[in-house]
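Letters A, B, C and D mark the chains in the order given here, with residues in each chain numbered from 1 onward.
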Amino acid sequence: MLSNPDRSYPIKIGLLSGVIAVLIALEGMIQAFGARDIIGGVISLGHALLYATFFAAAYLAIRRSGATRLVNTIFVGALSSLIASIFVIALVWLGSWTDLGYVFVNATQPLYELLTFKQGLVVGSLLMLIVGIVMGILAALTVALPAKTRQYILTPVIWVITLGVLQDLVTVTIQNMPFLKPVTNFLYVSNGLSIPGALTIFVLLLAINYFWLEKRSAAQNRYASLPPASRRAVRWGSIGIGVVLLLMLPQILGLYLSEVLDNVGLYLLMGLGLNIVVGFAGLLDLGYVAFFAIGAYTVGVLTSPELGHAVIIGNWWVALPFGVAVAAFAGILLGIPVLKMRGDYLAIVTLGFGEIIRLLALSDVLKPFFGGAQGTRSIADPDIGPLEMTWSPQSFYYLFLAGCILVIFVSTRVKNSRLGRAWMAVREDEDVAQAMGIDLVATKLLAFGMGASFGGLAGAIYASKLTSIFPHSFNFLISINVLSLIIIGGMGSIPGVVVGALALVGLPELLREFSDFRYLLYGAALVVMMLVRPEGLVPEARRAMELEEFREEEEPAKEPVVLKTMGQP
Amino acid sequence: MAMLEVNDIHSYYGNIHALKGISLTVDKGEIVTLIGANGAGKTTTLKTISGLLHPRHGAIMLEGERIDGLPPHQIVMRGIGQAPEGRKIFGALTVLENLEMGAYARNDTAAIARDLDFVFALFPRLQERRSQLGGTLSGGEQQMLAMGRALMAHPRVLMLDEPSMGLAPVLVEAIFETIRKLNKEGTTILLIEQNAAKALQVASRGYVIETGQIVLQDSAENLRKSEKVRKAYLGEA
Amino acid sequence: MRRFSERLNLTDVIMFIIGALILLLVVVGSAATLYAGKYTTRQWLDLVVFGVALGSIYALIALGYTLVYGILRMINFAHSEVFMAGPFTAYFLADAMGKSGFLDQNLFVGLLIIFAVSMTVSTIVAILLERIAYRPLRFAPRLVPLITAIGASFFLQYFFRGLYGPNIKVYPEIAFLKNVIRIGDLNIQYLQVLVIAAAALMMIGLQIFIQRSRTGKAMRAVAEDKQTAALMGIDIDQIIVITFVIGGALAGAAGVLYALMFKQVNFIMGFIPGIKAFTAAVLGGIGNVPGAMVGGMFLGIIESIGPTLFLDGLNVPAPQQLKDAIAFTLLVLVLIFRPSGILGEKLAQKKA
Amino acid sequence: MKARFLFVAMLAVAIGLVVSACGPSTPPFQCKDKLGCVDIAPNDSVHIAYAFVTSGENSTLGLDTKYGAEIAVDDKGGKVLGHAVKFDGQDSGCNAEGGQTAATKIAADKTIVAVIGTNCSSEAVPGAPIIANAGLTMISPSNTAPYLTDPAKRAPGYFRTAHNDKVQGAAAAEFVFKQLKYTNVATIHDGGPYTEALANVFADSFRKLGGKAVVEAVNVGDKDMKPVLTRVAAGKPELIYFPVFIAEGGFICAQMRDVPGLEKTTMMGADGIFSPDFLKACGKNVVGMYFSSPDFSAFAGGYQALVDKYLKKYNQKSTLAPFHAHAYDAMNMFLTALENPAVTVKDADGTLHVQKQALRDVIAATKGFKGVTGNLTCDPTGDCADPKIAVYQVNADNFSSLTMPKNPIWKQGQ
């Protein structure tokens, strides 16, 4: 395919990118992101997005056309990005003649103004055409650059964009470190990076990137040539630094990022639990939120004085084991009717179980026990003994850290135990596993029970962190989110769950201010991720092998190569 | 020109190198057999020819036209019919529907009807059970159906994968009789068998495959006589 | 081995007890409700009619799940968004026609146009979904396409939200469809007749198509064994696309029926009906076309009648709140006794 | 390698330090406020944050309140004390964890002087204490759950311009019992905290007055309301009160007349559906329906002017829901308070010092503040809404023009 240039390709890709650019505009992204400058007064995120579409069109067209001479590449690139820009112009003209706003909410005057650079229809259109051509030329030049140089430049550009986008976060975090305030004042203006700031970042990172890429192998060689004793010292040293960093993290990151880390920790706990059920034992559970809810409600009901129950345990730590145990028991109870079900029957029954738990917690019938729609409030803090303290996200961080370390430890031990191997066998083939003498009932129930207990633990900490729980917090989307993160991370892989939680819970939190598009991008990211790297970010060795097989066996011979290069960072 | 020519193909399952350069030819009107032990690569060879697997290296030609790399349905349309290993009858489809599926790639209604009559004449049992579900047939009937279904494609080359497997001796006899009959009527056949004795009786030429490589090739008669084949595949001392 | 069988018995016993308890509750509750006689025969009949109409829509959506499941062995989670896309887009047309009075004057033509637009849009979304999100993953492990489907579902929801806006849009009211037919105690609106009849027609049509047509037979062959089907000269890709087209068109039609019945459309409208329809598909036996119908009806009727019948007599406050809990509990009950659904065959036992 | 990297890094820091050293010297203002002060440099803006639900299915509610508050800023010319007002915020997702996260992010930003939020009561339960700990003041335009202003549990610095469910539910019951003289009613909630509380307060108040009230419930996302209405019909109520949101309310209202026994039953809703979108969602059945809502007529034209501005500015979004007026008032309360010299000290060079405790105190002392939702007076528990609830009735003209009635047919206490 690559060797066979297709003449209509630049046009096709131009048309496609044009449609995409128009859709981006109609989605309201250009307007919403237009309010946020990457570099103050120079370029907004919205325009950058549009230009990136043109650039991508040109770049792809050049790559696929097989053109090599600079003149040709410029022609091909400019052609396709020009076509894309014509689409955008067409949208503006169409919008000025008819009321597109009747159907498309974002087809409004402000959008058209943005797309014409506030220069009026004719001048704006011309400018947009010029932008299209310029992007095409830029793409051609980018292609013409040596691969290495391209790499040097790309990273700093990405960093400039990232730092521009995350302005709020960076400045707020740096508020904790007053001595760094001058740096932010230098880097940022009120909206976006300052021009000298952007330049400094670019130059600085270019330099770092250059040294990193050039000298990395030298450093590795030097490390490799060290005597074993010093190598060990370096290793232990880095582990030590890692541990200290882990412990210091909330102090460095401040209130909000600690909160984000707490959420990551919460999902990490759930992810590790579901990983046992889905990842290890291969039982598809779509109602995992049920155990989270059960853990939270058990602790909530036991420690909240508001519901007026006879038995109140004031101490969260005393209630905690109940939460974990009740969740584990519920896991086993759910496990029994679904023992004989497979695959998607299991999925729907577990989904139903999750919904049943939520509906019961919400119901008027059980309101005296669980608080119904008004939830359970005034749940105890995890105070130790008489030691009362204010619980902030920073202090909960340590609770989550402890919980995660415990659960990771247990998971790892179990995975490599006899039970873990039995789960793998059940996952691979139930019939064979049974024939090998594995007790299916006990194996499956243990998976459900243990997975549920981790969920219960997560719920117990969650209840205390929020001090209040509402049935609405335990909806189906949580189950979906947890499932997605373990698959994105790499099913069955414990480091994978960590990475998955960071990617799916941490990253979207950072982009909370772009809430309108969070789910849109989240959905797109899930799809792209699965297409590009179906084995997950940190695949389990065994799984990776299986997937490798699927690719090589079923895809045409050239395909896997493409997939691999795309997957690499 | 050979009807079917397989030239030095290499196929993989994941990282497992299953076929390490298989070459064979089937001429028009021949029965060629490919014999070998379990796991030697017989079925993999057929899968590669029919497009279920794509060779990483090598070429497959049907009457001089390259077919490797094409999707399976196009290979069938070009005239390679197959009765797969384990028969693979559509259990939820009736016998008639199974046969219709065999002719899926064709549009010539009249000719299809003729072929249907031909198959029913060949296997009267199938006609009796035409509206019965495929899954309810006995093993022998299923084999007949699998062969009949493959014939419905009116193939230029018919590939049979272990047609005698799991059948009672009487039925095996009948199946081989049918193979001979089909060949007499002009069908080119590539036959894969573990039952080497039977296969070499009906075939004109044969190939012996071991761990993904052709180790012997000769006329059926010579193969029957060969020391190696007798020891390894005919079960003689 | 003996210990194993003993423990297996224990779980069987527990399962039996769970089943018996649910049944007991259902029987006692129903008896108490009927004995109290709070509701008239007419009211019960009304509830059944509501349930059947709702069930018809569930069934139509369920067909999309079941067809795709049958062929690809995957839960097409984004099918609920295929269902949303059609009627959400067709709204603008319906609104314009309703405002201009065209819809009231030419009801039949107007509805036809709305159906056509909705079915087309849903079909296009279904085709794109298959092409972009599912085809490259055809041979990946089961959970991978599931996550893609979930991602696509989010994407489509919020894509349409961005395009058409987040608020509720309301289909025009068609006075004619509000007329009521009375047969004894039975009262049915024209609208309900339309919904039930249209759904029934489409389902019967689909059943005939799958049983009789060449393509339908090929679909069954592909569902059973893709490799062998390919060896018959069946173009698997083409059959899969056709499957998505049929599922998409049916979802688009179901969407319009839904919009006529409930009038409100928005970007999230597909989510709950989608889950319900998927449940219906499993209830009936996933991969099974008549099963989807049976499952849809069962679910619709249970949702409508269940809370009142089972719980009213037990003096449970606000039982309608628990209708989904009842539906899912009965699902578990059905699956305990028939592990592959009401009409399901051994498909579930097969390795997926 | 390392040496060169360090050199570059140090250079960057040095440049930064030089730049900062050239800045203005510290002003003489000394902050004596108990909770501290927010200093706003002459060119910086006054930063007010919101915690609203702007994503997901409830985003209409969040956008509505956001727009309402934005109009209040516009009405002030976008400035307070000569400084531009920066109004941005966080998505709170209409759930407890979203409320907590949004509140934490707001609490972490030390440039923020005041907070408008949250939308859903469940967000405020964990969110309000975090805002309180940060020394900030928060006014909610749409939290209605009674416990949020329960003196024992209220977070300091928490206020609301929305009506406590206790007030509205009781007023609605009074209207139905005393004015309409009905004795047998039913109420339906959707399991959300707002609607559940309102429905139950209504039913309890109605029973106290001597009537008979049945509480039924549906779930958010339910479409087919005929089964629940059939159940309700069996009790032969004279009126059904459904204080839910537009989607579910629309289904109930539209399907009401299809259920035998309810052909003539009176319908009544609450402020959650007092919106033109609801008229559309319901259809012609809505004619004659009652709504309990804040009394917008108290300030002739004030509310209508707000709606006109809103529609002019955000017409394309058409998110008009019931709480923009409360948000408008909340923002105005803040802007007025910030202009109060007891709260904000302005230096000669234009630097502002907002004293946090003083802001809280001034808001708490609000008395007779003329807003579009009434005369706002904050009681010691943080409820600032004018307790005057009115009842409106939709007539055929309202329906055909899709506008809400302007004059109430009944006012509490008359």
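Note that in this section contacts are C-beta pairs under 8 Å (C-beta built on N, C-alpha and C of every residue); 3 or more make two chains touch, one makes a residue touch a chain.
All of these numbers come straight from a predicted model, not from anything done at the bench.
Distances between chain centres, each the mean of the C-alpha atoms, put B farthest from chain D. With centres taken as mean CA coordinates, the chain nearest to the overall protein centre is A. For the pair chain C and chain D, the distance between C-alpha centroids works out to 37 Å. Computed centre separation for the pair chain A/chain D is 32 angstrom, with centres defined by C-alpha atoms. Look at where the CA atoms of chain B average out and do the same for chain D: the two points lie 75 Å apart. If you average the CA atoms of chain B and of chain C, the two centres end up 43 Å from each other. Residue positions 105-106, 359, 362-364, 516, 519, 553 of chain A are each in touch with at least two other chains. Listed for chain C are residues 165, 317-318, 321, 324, each touching two or more other chains. Against chain D, the residues of chain C that register as touching in their complex are 38-39, 42-43, 46-47, 50-51, 54, 165-168, 170, 173, 178, 187, 189, 258, 262-264, 266, 268, 271-273, 303-305, 307-308, 312, 317-321, 323-324. On chain D, the positions that touch chain C within their shared complex are 57, 59-60, 63, 191, 215-219, 221-224, 226-228, 230-231, 233-234, 246-247, 250-251, 254, 258-261, 277, 280-281, 283-284, 316-319. Contacts from chain C toward chain A in the complex involve residues 4, 7-8, 11, 14-15, 18, 69, 75, 92, 132-133, 136-148, 150-159, 162-165, 275, 278-279, 282, 286, 316-318, 321-322, 324-325, 327-329, 331-332, 335-336, 339-341, 348-349, 351-352.
Residues 1, 4-5, 8-9, 12-13, 15-17, 19-21, 23, 43-45, 54-56, 59, 88, 90-91, 94-97, 100-102, 104-105, 107-110, 122, 125-126, 129, 133, 145, 147, 153, 189, 191-193, 195-197, 215, 217, 219, 316-318 of chain D are the ones that touch chain A when the two sit in their complex. Taken together, the chain B residues at the contact with chain C in this complex read 50-52, 71-73, 76-77, 81-82, 84, 88, 90-93, 97, 100-102, 104-106, 149, 153.
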